[in-house]
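Right after this note come the structures.
Same chain, two partners: subunit A is paired with subunit B first, then with subunit C.
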Partner chain A sequence: MPEGVAESAAGRWRRRSLDLVGRNLSVVVLVLLCLISSAATWREQNPVTSRSGAAVARQVLEACQTPCSVLVVARDTEADRVFVQAIEQGLDTAGARIAGRVFGQPRDVRLELERIAGVGGSFDAIATHRIASEWGPVRTAGTPVFAPRSYHWPTFLTARNLLNVVNQNADIAIIALGMTLVILTAGIDLSVGSLLALAGVIAAVTAQEWFGGAAASPAGLLAAMLLGVAAAALGGLLSGTMVTAFRVPPFVATLGLMMLARGLALILAVGHQRRLVGGGAEGTPEAVRVDAAVFAWLGNGTVFGVPNPILLMLVLFVAAHLLMTRTMFGRYVYAVGGNVEAARLSGVPVTAVLLAVYCLCGAFAGLAGIVDASRFEGGRPNAGELYELQVIAAVVVGGASLAGGRGRIAGTLIGAMIIAVIQNGLNIAGVASYEQKVVFGALILAAVLLDRLQPKIASRRARMTRASTSTPVQ
Partner chain B sequence: MLELQRISKSYPGVDALRAVSLAVGAGEVLGLVGENGAGKSTLIRIVSGAERPDGGRIELDGRAAAFASPADARQRGIAVIHQELSLVPQLSVRENLFLGAGWSRRGIVRRRWEEREARRLLRLLEMDIDPGARCSELSLGARQAVEIAKALALEPRLLILDEPTAALSPREARALLRQVRELARRGAAAIYISHRLEEIEAVADRVAVLRDGELVRSIDRRESAGGDDGLAPLDRDRLIETMVGRALSAEFPPRLPGAIGETRLEVRGLSAGRRVRDVSFDIRRGEVLGLAGLVGAGRTDVARMIFGAAAPDRGEVWLDGRRLELRSPRQAIRSGICLLPEDRRGEGLVLSRSARANFALPNLDRFRRWRALVDRHREGRAFSRWREQLDIRLVRAGQRVATLSGGNQQKVVIARWLERGARVVLCDEPTRGIDVGARYEIYEWIRRMAAEGKAVLLISSELEEVLSMSDRVLVMHDGRVRGEILEPANADPAGVLRTAAGIGLSEAPSVA
Partner chain C sequence: MNRALAGTLAVVLVFALGACGGADPGAGEGGEDTAARGTIGFSAMTLKNPFFKIIADTMTAEAERHGFDVVVTDAERDVNRQSQQVDNFLASGVAAIVLNPVDRIAIGPAVRRANEAGVPVFTSDLQAVAEGVEIAGHVGTDNYQGGLLAGEAMIEALGEAGGQVLVLHFKQANSCVLRVDGFRHAIGEYNRDRTEGRIEIVAELEGGGLRDEGYRAMADGIQAYPDLAGVFAINDPSALGARTALEQAGRADQVKIVGFDGELAGKQAIRDGKIYADPIQYPDRMGVMTVRNIVSYLDGEDFERVHLIPTALYRQADAEQDPALD
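== the complex of A and B ==
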């Protein structure tokens, strides 16, 4: 900024902070939403984890001298087993004895107590968690009961809930990436939900019929999945061709493809069922089940405790971010969206860029379809209905302008998360899904309104900038 | 009836109007003439309520009037016939004529009455147009006539016509002029803007000449006729002298040393419909070829065709002895041709992006790393270098180009082509809307590019600019090259303007 600009420190601070909030409005909104969700779900937490199990073991060892014998009580769930394993490990290393263990209901505790009494055994303590410590037989057993201390913490802000929220919306977020590209070019793609279903069904049908069904090799399953993605990408290329070569408005072109792809997915699914039943039996548009167990890995597996869909989503976001900020293609997309004519006169291959954008959008929808099919262990021809609207909402809430040229990949990630967090918050608060629609409708309107107001805000900011730079220049 | 008192209006970098006072009375036709950019269009936009003046007063019937919008001005009886057509192409002629409010009876369309009125209005203009025809099916001339009929239907008190005959045949033009006179005889007022001085002579009672946003001359032909009923003849040559005026205050940098070399760009028989007809010329290394003419003479079309942005019907372009395929701007840029478009904001720049991104857009292949990645350091270095050399004033490198002044925007466009190292530079109105200081710098860069051996085509509607900056000037009129000036520095501007206006040419539309 040139010298001679008189601006008070307070004024500058105010302007800068307003600027920062204005530029990162969606981040501010997301943080606010997380705070609200956290405050609304402030509950007593009773952790049942390996860490809390180890803590219980330490408590027991502090209270009674070795060799002491301990009864371990828990429910019959996955988490409880991990919990119990941690307790026993802790006791074992200190040389304590396990008098018995219970996985189940209060009734099972009574039976175990009777068994121990029956063989003349005894124990000095019961190790369990907060929930089982309330059970009748545990309280009346007559020995000290040890359970991890409970504490207060927002349910929303637990690792399990957060992973769950993101995992459930990973497919929306992945499609939103492709949609961001399309919207940046001032287009729209309504076919993504149908392409998702088509990709899933094609992957499932080919896995079952071409690559060996239950006996399919991982390579065969990968091929089936790639076929699904390729089909969706081809669909995108088709709408891209309509938009570029025949100048069909994107809305109409992708509306047609939306119905076409959905119909194809249903036809393929019905045909598969018919072949399964054999003969001329009526097929039904049910999900095409995939028998190979590995197929479910992508949608349900975890790496280091993080669900695979989240990892895939993160990888794709980083890749898309780099694509849009570091490559020629990214620059071209922004230029085409900002001003087609100027882009063309600057030598941007407009047609190729648009084709690539729609093709990529289809491919992203196809990837989401594979995730969906893997998660449900089969291709569902009815999957992804109305996804296009959720996805567009995520992109718009993320700050992209429907007029094109303005928007960021990071913004879309935040937009998708805003929608996920609101959904989760409303679910925890017990708001019915039909009531949630009202909230989302209002959210989208607010986001679009903000988009409309932005030019005015921007021009005011530009005036401020210009005014502050128009000091006399020689 | 309408009186303008000291009206001023300025846009960033330009004073479009400087204290212009004008009046037009009932039953009077005022002819308004001036060069391109003299301020005529701005004046019309202010009178029609499309824009508000920065200073001055508008009086209607002796009372101060401030028009809030075109609809407001229309309500008070001011009708404008624009250069750009304002018809809805999907609707019929009749529907277009009575599109505005006030024609229906309590919201119900009066079809039969409309039909009759439409026929009457079109007959007045001697146009053979079916009121039921869709406007999209009409020729440009017919659409222009519908536009005029639409204004006449309002029976306006003041009719403003901005180059109304550009698309009309001579017969249609004559009918229009008669209609304007008829309107005046019935007590209405009219402001008639035209480059065709013979039309002004045929229709105007008074003539006002605008130059550089100032009213430089006003001629009352009734007075000079000495009380007779008729009008004094117009001295067209003197009128043109007045329009061109003395030399502008803007100065032009001297020509840089450097000989004009062999032929670089050859254009042969370029034609496109009625807009460009058989245009041929050469530009040599180090030469600036000026292309003078009025708006709509086809100069921009020629540049766009050389650049591959528009397809010619016929014609060839050769660059350094190789024939070019005029398929896309991308190809033209690769061959070493670049364009500074007339409409910088609409065609030159992506306004929502930064100055740097705009600079880099056609040059990304030069900053490429690993095939597709953009090397941002090289990009930034190149941009800073040109930013310094061209003195592009930015607050920060990432500043959106929309917030820059016109001069700085044009410099961004120039910088991108300098980085590219083009062989041919097509400049279409390179200084339009740019203030005097930045103008001089842009002239310097044009000189420098020529001195580097580039071939420069300079399209300009400003006579002084094109004559002072060019080594040679071609004058275009109505799609054809009509004259060549070998020593532009010593040329007579009035003569050039005459050629550009088509005066003295055999095919010029004559108005009886």
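== the complex of A and C ==
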């Protein structure tokens, strides 16, 4: 790819984003990654829209003299129906005849062809889209096939894919917000993946067993979800207590909780499955299914076309951003991470701040667990495995320092998106999974290297500025 | 200065991406040029197990013969990852999707999204049972029958003495649940009118279907059940893990192992007398059949919607004549 193009595009983007994120390298990296992903996924796109339907109708009318009889073929989806409606409108106004109409699978096309042949009917053309034009019966029907022209565009830059990228990683981003607070205090929380699973399983089991299962009311489901979040917050409080009252290193305290919570999630899920089959045999660690359909709204529903997990992520992001930049609590967190003793001496309630930070991190993990459970219509005891590492990676790539005191919520969001874009770009560019791991490892190392290099460069620049502008003292 | 650093980082990433593209010529962007009829997206259960790698490789080879391109992704036994892969397939406009469902229920919403987008979903090896989903075709092993054969092999291995037997399970996969059901049934039938030489299944331990987890579970199993006479492991990796644990404990001669799958390492172990026997599966046939079903589907032809391939018992005598082991 031409380096100059990437630079100028990135530069433009960066100027525009400066107000929002300040001087942040990760934004540049994110934009570069988007450009790379776009270039790597430059593909043929096959439109199935109202406009392409009208275009097909015009193609047919140009090639076929009236009275023209047309077979319309499409799949059984909403987009296909809109597409077909446009074709038929176009054909109708020109007086062409619709010989038949198939909404379905290739097999349905074959049956329709057989039916038409059986009654001695015939048609002059098939109107369809590119996808169905590859179907066997369409190709071998022996009549001209008309489909909209395809065009080239990066698959990465389609609305569907961009929503996918953010939606798929909304849970990671949500947990990363809580993790940022913990890392700002120079701590770490390894239990988030397990707390996610525990929250999801508790929400699912209570929704099924206490709040009425299939007949559960929205209020009951909300209560079940809040119970799940509360349990995860309680878990966070437990590690906070270990860290503050007993001075257990956060790594060890949360490692313990990680196993404890995972075990509890598995026990609850297996116990529920056992009760389902009426005791006796041990259940399997499969997802605990929630029968109430509304339960899936949070994870799979959309508002104005935007998936709910993305909206939740944005709301939490704004809340966390305000918390960290506009409140006393935010300043306390930075103070504790910068220097615990100094913070203590200047009257910061260090213990309370740490407890609150771990509790919040647990609650964020719990919220992500609810999103996960809702997305899969049930609580999964195996959910969130190795999430802690992905989340920590997102925070570190976002520019936070594991030594504490340095990092921003906005940076974390961008860090999460960087990881998301890499994952998605590699996936849709068709890179095999073994190689993906290598790229991921390289990315984390590069990010940490950046973290290490930045102070050095800053100090060198400061020295250079001093040397060139100020007069020597001696 | 910042800019220079960002540039460096970006160059590193570009290199990394470029290197990957080069290492994987089959599935890269060149895809749509070579494949006349479209792309098939395959989300494998885990590519760490050779079984699924064989399905992926045979699918790729067979699809190429029919003019299709296969993009293989690894769900790493995580249904969240698998759903994301399905969404990515839908975004990139594949002709068909093939899954080894990681969780037969939780994969439901993702399959429904594929259904809504009009993209056919095929399953191989494992089935999906979520409500309201439409699966265009399934090819798998007859796992219950395989479990029965495993039971027969165990009865044969233990002889008239009978004894205590341990199961190394992987409950998350329904195929394994069926295998163990079949195994229990065969053992139950054998025990029915017998007072002596009975075979007692003393425990089911979670072996994860993996070598290391199977090893750890077996090491614990030996401690808990010192009188063990046999182990049924639901696949070869966990059977081989169990074998290592038994060797280390000096018990390898007293405890007979029955595995499942018949992957290369398993067959070699059978030849060397390390595993008594395996009901063998045919992942290669699974891959080929799945692609043929997809082609039949797209050609509008009728095909068997659920196709179960029976297993066959593979013992030391079979291994000695197996040309694949030389």
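Here are a few things to note about the model shown:
What we mean here is this: the second predicted complex is superposed on the first by the 342 of 474 C-alpha atoms of A that agree within 3 Å, B and C clash if a C-alpha of one lies under 4 Å from a C-alpha of the other, contacts with A are read in each partner's own complex, and residues count from 1 in each chain.
In this text, contacts are C-beta pairs under 8 Å (C-beta built on N, C-alpha and C of every residue); 3 or more make two chains touch, one makes a residue touch a chain.
All values reported here derive from a predicted model rather than from experimental measurement.
Comparing subunit B with subunit C, the partner in contact with more residues of subunit A is C.
Of the two partner chains, subunit C is the only one touched by A:L443; subunit B is not. Of the two partner chains placed around the shared chain by superposition, neither subunit B nor subunit C is touched by A:E62. Looking at the shared chain after the overlay, A:A343 reaches subunit B, while subunit C stays out of its contact range. Residue contacts after overlaying the shared chain place A:R289 against subunit C, while subunit B stays out of touching range.
Within subunit A, the residues touching subunit B in one complex and subunit C in the other are 1. Within the complex formed with subunit A, the residues of subunit C that make contact are 1-3, 5-7, 9-10, 12-14, 16-17, 19-21, 23-24, 27-29, 31-32, 37-38, 47, 71-74, 76-80, 83-85, 87-88, 90-93, 95, 103-106, 108-109, 116-118, 120, 136, 171-172, 177, 204, 297-302.
Considering their complex, residues 1, 326-332, 334-335, 338-339, 341-349, 405-406, 462, 465-466, 469, 473 of subunit A touch subunit B.
By the touch criterion given at the top, residues 1, 6-7, 10, 23, 25, 28-29, 32-33, 36, 40-46, 75-80, 105-111, 131, 134-137, 155, 158, 160-161, 164, 167-168, 282, 284-287, 289, 296, 299-300, 372, 375-378, 380, 382-383, 385, 422, 424-436, 438-439, 442-443, 446-447, 450, 453-454, 457, 461 of subunit A touch subunit C in their complex. Within the complex formed with subunit A, the residues of subunit B that make contact are 307, 309, 328-330, 332-334, 339, 341, 346-353, 357, 360-362, 364-365, 368, 372-374, 376, 393, 395, 399-400, 402-403, 416.
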